[in-house]
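Chain naming follows the written order as A, B, C and D, and within any one chain the residues start at number 1.
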Amino acid sequence: MELAIFYISAIVAAGGALMMILQRNPVASVLYLILSLVALAVLFVQLSALFVGSLLIIVYAGAILVLFLFVIMLLNLRGEKFTSEKPILDKGTKITLVVLFFMELVILIKQMAFPQRMDSLMTQASPDFGGVEPVATLLYTKYLYPFELTSILLLVAIVGAVIMAKRDKNEEEGER
Amino acid sequence: MNQTLFLIPLFPLIGFLLNGLFLGRLNKKLISLIACGSVGLSFIVGLKMFFQLISLPENTRAIEEILFTWIPSGEFVVSFGYLFDPLSAIMVLVVSGVGFLIHVYSVGYMHDDPGYGRYFTYLNLFIFAMLTLVLANNYLLMFVGWEGVGLCSYLLIGFWFEKKSASDAGKKAFIVNRIGDFGFILGLFIIFWNVRSLDYNEVFVRAPEVFALGGGLITAATLLLFLGATGKSAQIPLYVWLPDAMEGPTPVSALIHAATMVTAGVYMIARSNVLFMLAPSTMTVVAIVGIATALLAATIALAQNDIKRVLAYSTISQLGYMFTACGVAAFAAGIFHLMTHAFFKALLFLGSGSVIHALAGQQDMRYMGGLKRHMKTTYVTFFIATLAIAGIPGLSGFFSKDEILWKAFSSNQGSIWIWLVALFTALMTAFYMFRLVFLTFYGQERMDHHTKEHLHESPKMMTVPLSILAVLSIIGGYVGIPHILGGGNQFEKFLEPVMKGVHHGGEEHALASSGHSAGTELTLMFGSVALILVSIYLSYYLYVKNVALVGRLRNSVSGIHKIIYGKFFIDELYNAIIIRPLVGGSLFLWKIVDVVLIDGVLNGLAILIGDVSLGARKMQSGQLRRYATVFLAGVVIIIGYFALR
Amino acid sequence: MTDQNWSILIPEIFLFIWALFIFGLDLGIKRKNPKILGYSAMAGLTITGILLAIFNGGILFKGMFQSDQLAIFFKVIFIGSAFMAVGSSFDIASEKIRHHRGEYYGLILFSTVGMMFLSSASELITLYIGMELTTIPLYVLAAFYKDDKLSVEAGLKYLIVGAFSSAILLYGLSLLYGLTGTTDIVTMKINLSLVFLSYGKIGPGLILAMIMVIAGIGFKLALVPFHMWAPDVYQGAPTPITAFLSVGSKAAGVVAFARIFVNGLIAFASDVMKPLDWGIIVAILAAAAMILGNITALRQRNIKRMLAYSSIAQIGYVMVGMVAASELGIASVGYYMFIYLFANMGAFTIATIFNDKTGSDGIISYSGLSKTSPIFAAYMSIFLLSLAGIPPLGGFAAKYLVFAAGIQAGYTWLVIVALLTSVVSLYYYANIIKTMYFSAEEPTIKIHPSFPANLVLLISVIGIILFGIFPGPILDWALESAKIFAF
Amino acid sequence: MVPMPHYLILSALLFAIGAAGVILSRNLLIMFMSIEVMLNAANLAIITFSRFLNVMDGHVFVFLVMAIAAAEAAVGLAMIITIFRNRGTIDADKFNLMKW
């Protein structure tokens, strides 16, 4: 059963991602990405990461990708064509490269030696593993410092995004 | 001990800073006062230190001043200090003394140049770097000076950068020297790696323990050091930059490219004699390269028409002599020749500068001639220098050159072949030097009328240094009169404490170390002098007498004259049998070996790197996806290579 | 959370608040006087430096924040490079940046804060966040001339490649986490040795993780082959930002590298650990960086691109010290970065001033600078010669130390490559000097830097000469900072 | 219980697809989304390790990575808007004013 859920989610996640990069229409891409992320969230939950899994849907699919959609609408990109005039050879090389990369990753991951306790502990997790409370506890105690750092990071990102996206009127010409 | 040693390089540094900071804002008098004064002060301090040095007992003749620890890091300590021992004493006196005279000369020579202030700034910086080079108490500091003089040389060769040839020459000197420097620093790393120090004291004490005699490491290290020396001192295969370096102002050629900087390689090898003596095969290489350079350069000099180029090739040839001396373990002889050469070669260059000055920039000897009537002082001093370089007894060049010839013959490392080639080179030297003198000062005045009317002797500022150098060229050799002539060779004795690598037998070494008798030495000496005289006569015959004959012949219509002046056929014969092939060979060497082969290889290397550079640029297509692809490809390749092997 | 010495966070917190203060100040003065902003940014950095001297030494958050000597040494470099970047920005701030001047300075300070946190991070999560905190403001800063096509393109390229590399880095970090079961670097070291002891080997997964981390940090360092973005971004970005990128951001990468590899994975830096030896990987990349950087720099006509390739090569030299992974190695890296700070910031400052005056970055337009502005030509020559490693300037001692460390660690071949390429490098550095001094063309431009830019130049020149002749103090300090790693 | 390598290989697959998207797509937005996919592939790996190590530190890591991804996305999208205003296109291949 679990294996079936894994395979279905895995296929949806990978297929969604693949479709995303193959789409010409960016809106469709975003939708495929959301699909992929939802499948990923299912896997997160299967791995007892309930809190993070739900965040993935709420934050990622719900906020970040909506932001993408907004931008696409804003730019009104429907008309743009990305016809490929690149030689097929170029594309072939790149695909070969990615396939090689994937193969390397698989080979090496299969050979990985993990710390000893990992083999023994592949059992049922405790019921509140990955729940909101334990993760939050960790976040506000042990990982308070990186958490606070992230807040600075978000502030910086807001400032940066505003500066970048803002349309500057040349009002200052008069002042100077 | 009161610290006065650091003053020697300090004065030129102050001069450099003063002139450099107020570049172009001072008047010329002040600039020259600062520049000459600072070098003069260095010389005075050097002299004082010299007397302090010889008042010390012979075996403790070394004054070391450690100013501070330069690079302090665990076992990699390098101190910043100066060492004043007999070897550096001689170098300091030569550099600051000759340097001072050339500074004074430059005041006259460069008087009308717009870059007056810049010139003296560079010149002072050069003196500072050179003094650092010779006074350093460790290899790293020596390298500092080594780079410094290279930089100044580059700046001064390209001094008249408006001329493309000048800036090209600067570039060439630069590239060639970098190759040498690369070898030098690599050699230093090998030494450092094994001895764990670069201080002379430690290196020379510990090297015999660390390195096996004739071992691969020490051979590699010394060969690399020698590569550095071939770059700086213009030896095969890196000599090509020196003739081009003549694009710089003539006093610069005198100071940097004849008297001081180019001898840095000889100094370095003499300084490292302990190391070189540990590597006999390197010694052989040094000797062979030295003598081959001497021969090649002398041959090329035979056919040059540019007065400075002749002198440049002559410098290369004389440097080859010094290396030959080092190669046969006669380091003291090498340094001796270095000193006398500094005197007479500086004099020759300055004299040629005076000539060029008088001829408004003309450097081609075919448009000179007859100058001895117009330029008395220049002629006399130039002639003295020529006698000295030719090795006429009684002048400084004789003593040093003879010393080298004798050592090449008698030393354990020497051989009769080296001696023969050296002698042959000496003959050629005498020949082309006198050819130079005859073409320049004798015969008809071949310059155009305009120039002829303006012929004048150079100002006092220039002739006084000439005279002083002429005196030095005469008496400079008397500090090293060989035993055989009853002198006791004070010079070699003086240097003995530094030459720890050479096993000194004192008297017996100099006399009959390898079973050679005093008679042999005397015979060789007189024989070579006689041959040199013949060679000079030949030159005289061809370039003074013959010219007149040719002139008359041209006027005559009758064929009878040919028989009357049958001598002429002999001349023709001479010409056909000896001179032509020689000159032809000379031209061939110059055109093929020098211009095509060595220049070609160097330029080819430069072009190749340039092309690779262009190709590497093309990789940067400006496309984002390309960048990401290369990034990923990098990861894939690295994983593939390292993780999956 | 008891008896923790919170005061060691004061420098970072102060600088963060100061950046916010500058945002406010910009609004307060109604964008009238840009100089006040610049001076207050410089003042803030100076105060941060002073605070750093007072409040240091100690750990916080169970070792997630470490204010050790290494962190402090590099924090000084970050603050110094930010100070110099701000100092050289005065002219462009009054002319080219019409909008968001406060944000311009504020973001530089934010990035500096990020670097400071990064250098103190001894744990992978914090390290990753510190890295992002360093980089995100730089994305924006690189594209700060929003009307300038080149600048925006530079920002975009930086951002895309940066995000790409950040994802690769994250994947590498996740593998490290999986292999060791911890994100703490010291615990990671212990766990790895435990695994090694119990299994007798560690699978090749570790090398995969290491390579991906090298790639991620290699982006910041512009190490070949992760360097492709650098020339374009360096060319397009505002010049002070380019300078900051080439020094501050690289130093941040260096310290992150040192934390992970020299501290955490030190055991895998020797031939014994084949094939898990990261030393050889980095050595090959360093060699590639030196060769490619120096050779490509030869044919550049734009001074910023040339300096970009030169800085690619320079990081190769730094990595020679890094692969040595010894006390001397790390100390030489620190010293190198310190001198590099002066030389590179100085050279870029000249480029900034020059660009302000002429609008050109072409090397050819430096012709005859020595005649009109002899002082600045002399400064530039000193910076370039130091970069080339000519004694007795700082760059020489730096190269010497790095090479000595390399030889000591047995990387002789790498040192030979480094020596050979440094021969090549001198050519293009000297080419600029030649253009400035030996160009027959009549110069027309005379540059007058603002007071802060002058100050920056003076500091740089004095630093290069002083610490070149007396490397002692800096080197001792660097050695001290290298002691935090147990070799 | 699904064995751990399954998850890891899926994560590798997602990562590779993301990388493919970055190097193959010419649309800046899709490139950017591909980077999001790569980040999430890493997230999946972290969560997997966390589960099998039975410690929740990884969850915190993922949480923070999401925040970082949001920050990066905000700046990135703003940058895309800027360059679209500047050049009128988001075709990655058209941005090659600077090269060589």
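Operating definition for what follows: contacts are C-beta pairs under 8 Å (C-beta built on N, C-alpha and C of every residue); 3 or more make two chains touch, one makes a residue touch a chain.
Model, not experiment: these values are computed from the prediction.
A count of C-beta contacts for the chain pairs C-D and B-D puts C-D on top.
Centroid to centroid, with C-alpha atoms defining each point, subunit C and subunit D lie 26 Å apart. Put simply, the C-alpha centre of subunit B and that of subunit D have 65 angstrom between them. Centre to centre, using the average C-alpha position, subunit A and subunit B are separated by 70 Å. The distance from the centre of subunit A to the centre of subunit C, each centre being the mean of the chain's C-alpha atoms, comes to 30 Å. Shared interface positions of subunit D, defined as residues touching 2 or more other chains, are 8, 15, 18-19, 22-26, 31-32, 43, 48, 53, 57, 60, 64, 68, 71-72, 75, 79-80, 82, 92-93, 95, 97-99. Under the contact definition stated at the top, the residues of subunit C that touch 2 or more other chains are 125, 129, 132, 136, 139-140, 143, 146, 156-157, 160, 164, 168, 175, 178, 181, 204, 207-208, 231-232.
Of all residues in subunit A, those touching 2 or more other chains are 94, 97-98, 101, 104-105, 108-109, 112, 114-115, 117-118, 142-143, 146, 150, 153, 156-157, 160, 163-164, listed in ascending order.
Chain contact topology: the protein chains form a complete graph, every chain touching every other one. In the complex of the two chains, the subunit B residues touching subunit A come out as 629, 632-633, 635-636, 639-640, 643-644.
Interface residues of subunit D facing subunit B in the complex, by the touch rule stated above, are 19, 22-26, 31, 92-93, 95-100. Looking at the complex, you find that subunit A touches subunit D at residues 2-3, 6, 10, 13-14, 17-18, 20-21, 23, 26, 29-30, 33, 36-37, 40, 43-44, 46-49, 51-52, 55-56, 59-60, 63-64, 67-68, 71-72, 74-75, 77, 80, 82, 84, 86, 91, 94-95, 97-99, 101-102, 105-106, 109-110, 112, 114-115, 117-118, 121-123, 125, 129-130, 134-135, 138-139, 142-143, 146-147, 150, 153-154, 156-158, 160-165, 167.
Residue ranges of subunit A in contact with subunit B, taken from their complex: 94, 97-98, 100-101, 104, 107-108.
Residues of subunit B touching subunit C in their complex: 20, 23-24, 68-74, 76, 80, 140, 143-144, 147-148, 151, 154-155, 158, 161-162, 167, 170-171, 174-175, 178-179, 181-182, 185-186, 189, 192-193, 609-610, 612-614, 616-617, 620, 622, 624, 626-628, 630-631, 633-635, 638-639, 642-645.
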